[in-house]
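Two complexes are shown next, each including chain A; its partner changes from chain B in the first to chain C in the second.
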Partner chain A sequence: MDMPLVLQPIAILLIAAALTPLISILGEKIKFNKLKDLFAILAFTSAFYALILLYFRIEDYGVQSFILDNYLPIKGGVEIYADSLSLFLSFIFCGIGLLASIYSVKYMEIDTGLDRYYTLLLILVAGMIGVAFSGDFFNLYVFWEMMCIASYTLVSFRKYRWEPVEAGFKYLVMSTLGSLIALYGISLLYGLTGTVNFKGMREALISTAGSQIPLYIILSAIIVGFGVTASIVPFHTWLPDAHPAAPSSISAMLSGVVIKTGVYAIARSLFTLFNPVNFDYGLALMIFGVLTITVANFMALMQRDIKRLLAYSSIVNIGYIISGIGIGSYILFKYYSIYPSTSLSAAVFAIMGALFHLFNHAVGKGMLFLCSGCFTHEAATRDILSLEGIGRKMPWTGGAFSIGLLTLAGVPPLSGFWSKLFIILAAFSFPQNSFMKAIGVIIVLNSIFAAAYYLWLLQRIMIKTPKIKASEASIFMVAPIIVLAIICVIIGLMPNLIINLAEKAAKAMLGGW
Partner chain B sequence: MVEVWQTYMACSFILTAVGLYTIISMRNMIRTIIGIEIITIAVNLNFLALGSRNGFVDSLAQSIVFISTVIGAAVAAIALSLIINVYRHYGTLDLKKLRRLRW
Partner chain C sequence: MKSDEMDKTVSAILILILISVILTFGLSLFNISIPVLIEKPPIEKFLWSYRGVDMLIQAFLILAAAAAVSTLFRVEKGAGAVEEAVIEKLEEKEE
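Let's turn to the complex of A and B:
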């Protein structure tokens, strides 16, 4: 029996995860220890290829979904569902996973138990793609927990040190509580609608008359619950501990993509179930967004640990993405009834900016964490003052690190400039609304503030006289970084390549109403 | 008249409060995990209460609770394995005595 194309990326990764320990034993038998590394890279490549095939299928035939017909409950069953938005995120998840696995070949050489490491990495990416492909809350919760359990274990992978164990425990407690709050909200939604399928829930909610208060409680549970993983302030405190404690390849995964899954879960649940024209969650998202940006910017300024600074910078960028999504939904709530077409295009523009920024941050921050891994691998320290000038000793890594910092600082013509510009322009799209203008101004001021410490870090790493001995890292570690740097530059010069995908994804997010 | 499912929902709410209190008030790591497990049970009970129709519980709610129980067990297992490692490093399970944890 042929497996449906929509199931293939997840199935490939999960089957590969199950086979990795066996492949590892085979590698030891034939005296080729890197066999498991190559197998993981092959699995990610195959899953990425399956995603490309799925992209063309969706282009030709529209949304793809899979339901077990024999077990279909009355009000819509559990469903694997892929549209442009799911695919946009899955490409990022699988792409960064592939590069992290290539990077790990050399970076994780000093560790033992790598069969477990690759198994968990494959499960992590399978879980994330599963979350993106979920058409109902049952699948979403199962894949979500699969992703979370893999990431707790990966954060505390180096359990012989105190820091990963402690950070892993903190992450586990906070994230599990977040998941349970979200599940509580889902159970209330299930009680109201009698189904967990997104489409079924939406239809049931449209026909439900009565007070909106329970729906706002559910909405808050979803924002808070998934907001812990997305690390929205004030639920962010696990992140600055977990990211530095994890191996750098895992920090790149966590910061680049895992926290984005939280944003996706919030956006997908809210936009699918609660019509943005009728529910004012945009206001809450905008406030959470600017609060996240501002608090994290101040905290970043106080850091001396390079990975901790980058972790706070990730929270800042999540703030931009949340603000962009919030601006989009706020515009629809406020202005759709007055200017339907103008407000819809402004909302698509804001959400497209947020999704474009999500891509830029995944690429840029993934690269920066991989670079910081190269630095710490060579210099055995994470202290910025001790790492002064190391970029000059490691020109390829240093060059890529500079590109990453400039991208996230929003320096034109690099890709981060465009996405920030779109979000800011969207905030000013209705000049009569002074609240949105104020949000726009706060975002602009924070962007300038963030650029200042990015440039400070750049000056420390690249311009200062080197203090320590270091040489360029292995090709396996440098190659993924160079690929990500090239992507940053190309997307900066030709943003249309991603804008088209992001626009389709934004329309898919708003579609259905 | 109070229906059975409403009683179960009230129990679920009380269990959630107990779980949260356990997490907030206790300094012991194992008690924190027990608190999380109590909240997991509360959420599962809430699902079953809301899935009951005419004295029967919907099979979808049962499936979700079944999976959620398994996930809860997996999370508890990982948490306990982390606690063992914490004990090896610090010789204590007192949350306040760990070096960097800030709740």
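Let's turn to the complex of A and C:
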């Protein structure tokens, strides 16, 4: 059997998802209930290994693609496609998925229906990798829906409480609306170009003459549609309800990676189809970015619920990522015709900063949600005032929680410092442009503002006198947290490990097809 | 107890359907040659040769939907996890 390598990570996860209920039945028969948990961990590990193999294949032979071309009524069709950008995202998706599944072994022990929980978790990650590996809008949309169905259900998994049901329903309604808006944009693009394939669409759009106005309508539909899942302000209102209501392992997935799929879909669609040199969407992205950072920062300051505060902080960080991508495209639109090589370098730098921050936030926020899961598992509350000093009772979790907060606060030399620095430096790369400078100043002020509430939370959890009895969580819950904390420290000390990957991914994003 | 058995039966049926779908549409992915009759109508050719990948993905989309519905209608045993949100506390005080 010779399955193309580019299909293997998705196929492994989907086949494992289908087999999980059977494995669960087998586990019950042989009186080993953890068999399904181990099977899911094995599936994630295998998919991660397949991604590593794919990485080396791409390094040696360039982009990998799979297309069924035995019968092609339309030029360029359904395609599975992997380049450095797809791979960069997929490593994060699968890595966090693997750690979440290890964490779930103990954390989800109290719940029923775990066979379906793991099935949905595997489908969720397969859907996200599928979105990253889609070479056409049709596959992207189908994978997108697969991811959405799994995430709605996982948010509502603890349906015996009112909060997850309400949050899941809100998420379902808002995300469906967003998906439909994106689908409308895609359908207009299909009408204009006659194909769903990115490559084909791009070629058709280059040769399209006439007004750019319809293209800006399509562009807006894509930003708004996928922006709901990315939780860009003002389409963010589902997130502060959904992320806290979900089990913490799922909150880590949602905040750590699922919302990044929205950012990826926006970036991939825009940069591939609409040349940033000719289309001024960078301005809109920058405005959306700083609006997202500012609004979410103020909202985060008012929270007493630890998971809700972290959820707002996720929106803030999406703002940084969107701003970084916006700065990159704005530089190309404004300056490519005057300074081609300088503007291209500055744009790559800005987008690399955004992608580096995407990685840092996935690792840092994933870890923070897993830590908050350990705290609530022990204390049975999410109230920050009740959780005061709990970090002192749980030194490993508390230590990792501190590293996560300091990373996201951008304290040097932790990894979050470097990515924020790159985005800010990119904003000041053309000092003659006062608009970009203003964006840079807003980002700096917001970073200082955010650091204040991260430090406030750190002081509450780690320094205050403990109010409640608690002890360190199980090794299954602590181990993934320690791994993520180590990644934060190592990447902070040796940022080049990720910068090289992020730079390749940024070039792939700008290089198109 | 009965509903648990029911769940398992439904899961087993779904798995069987899925495996049959994988076996039919998945073969082309594994590069196993399938005898194709030239007289077949174009729609079949189209589905098999052109849309094989996304047909397969859509089969898994149905699996996702089935797993989602089955999750939301599962029978709970025990009290489940306690994770008190701040808003829940405030509401209790108001009552």
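We adopt the following convention: the second predicted complex is superposed on the first by the 508 of 513 C-alpha atoms of A that agree within 3 Å, B and C clash if a C-alpha of one lies under 4 Å from a C-alpha of the other, contacts with A are read in each partner's own complex, and residues count from 1 in each chain.
Everything that follows uses one rule, which is that a contact is a pair of C-beta atoms (placed from the backbone, for glycine too) under 8 Å apart; a residue touches a chain by one contact, two chains touch by 3 or more.
Predicted model, so just to flag it, every value in this text is computed and none were measured.
Asks: Quick one: is A:484 in contact with chain B, with chain C, with both, or with neither? Answer first, second, both or neither.
Replies: Neither partner.
Asks: Pick one for A:439: touches chain B only (first), chain C only (second), both, or neither.
Replies: In the superposition, A:439 touches no partner, neither chain B nor chain C.
Asks: Identify the partner contact of A:180: answer first if only chain B is touched, second if only chain C is, both if each is, neither if none is.
Replies: So A:180 only meets chain B here.
Asks: For A:145, select first, second, both or neither according to whether it touches chain B, chain C, the two together, or no partner.
Replies: both
Asks: Just checking: does A:153 make contact with chain B only, chain C only, both, or neither of them? Give me first, second, both or neither.
Replies: The answer is both, since A:153 touches chain B and chain C.
Asks: May I ask you to decide whether A:163 touches chain B, chain C, both, or neither, giving the answer as first, second, both or neither?
Replies: After superposition on chain A, A:163 lies in contact with both partners, chain B and chain C.
Asks: Between chain B and chain C, whom does A:190 touch in the aligned arrangement: first, second, both, or neither?
Replies: First partner only, chain B.
Asks: Please tell me which partner, chain B or chain C, touches more residues of chain A.
Replies: C
Asks: If you lay the two complexes on top of each other, which residues of chain A touch chain B in one and chain C in the other?
Replies: On chain A, the overlap between the chain B and chain C contacts is residues 73, 138, 142, 145, 149, 152-153, 156, 159, 163.
Asks: Would you tell me which residues of chain A are touching chain C in their complex?
Replies: Those in contact with chain C are residues 1-4, 7, 11, 14-15, 17-19, 21-22, 25, 66, 68-73, 77-78, 80, 110-113, 115-117, 119-120, 123, 126-127, 130, 138-139, 142-143, 145-146, 149-150, 152-153, 156-161, 163, 244-245, 247, 304-305, 307-308, 376-377, 380-383.
Asks: For the complex, which residues does chain A have touching chain B?
Replies: For this pair, the touching residues of chain A are 73, 138, 141-142, 145, 149, 152-153, 156, 159, 162-163, 165-170, 172-173, 176-177, 180, 183-184, 187-188, 190-191, 194-196, 237, 241.
Asks: Would you pull the chain B residues touching chain A in the complex into a rising list?
Replies: Those in contact with chain A are residues 16, 23, 29, 32, 36, 39-40, 43, 46-47, 49-51, 58-61, 63-64, 67-68, 71, 74-75, 78-79, 82-83, 85-86, 89-90, 98-103.
Asks: Help me check something: in the complex, which residues belonging to chain C touch chain A?
Replies: Interface residues on the chain C side: 8, 11-12, 14-15, 18-19, 22, 28-32, 45-46, 49-54, 57-58, 60-61, 63-65, 67-68, 70-72, 74-78, 80-89.
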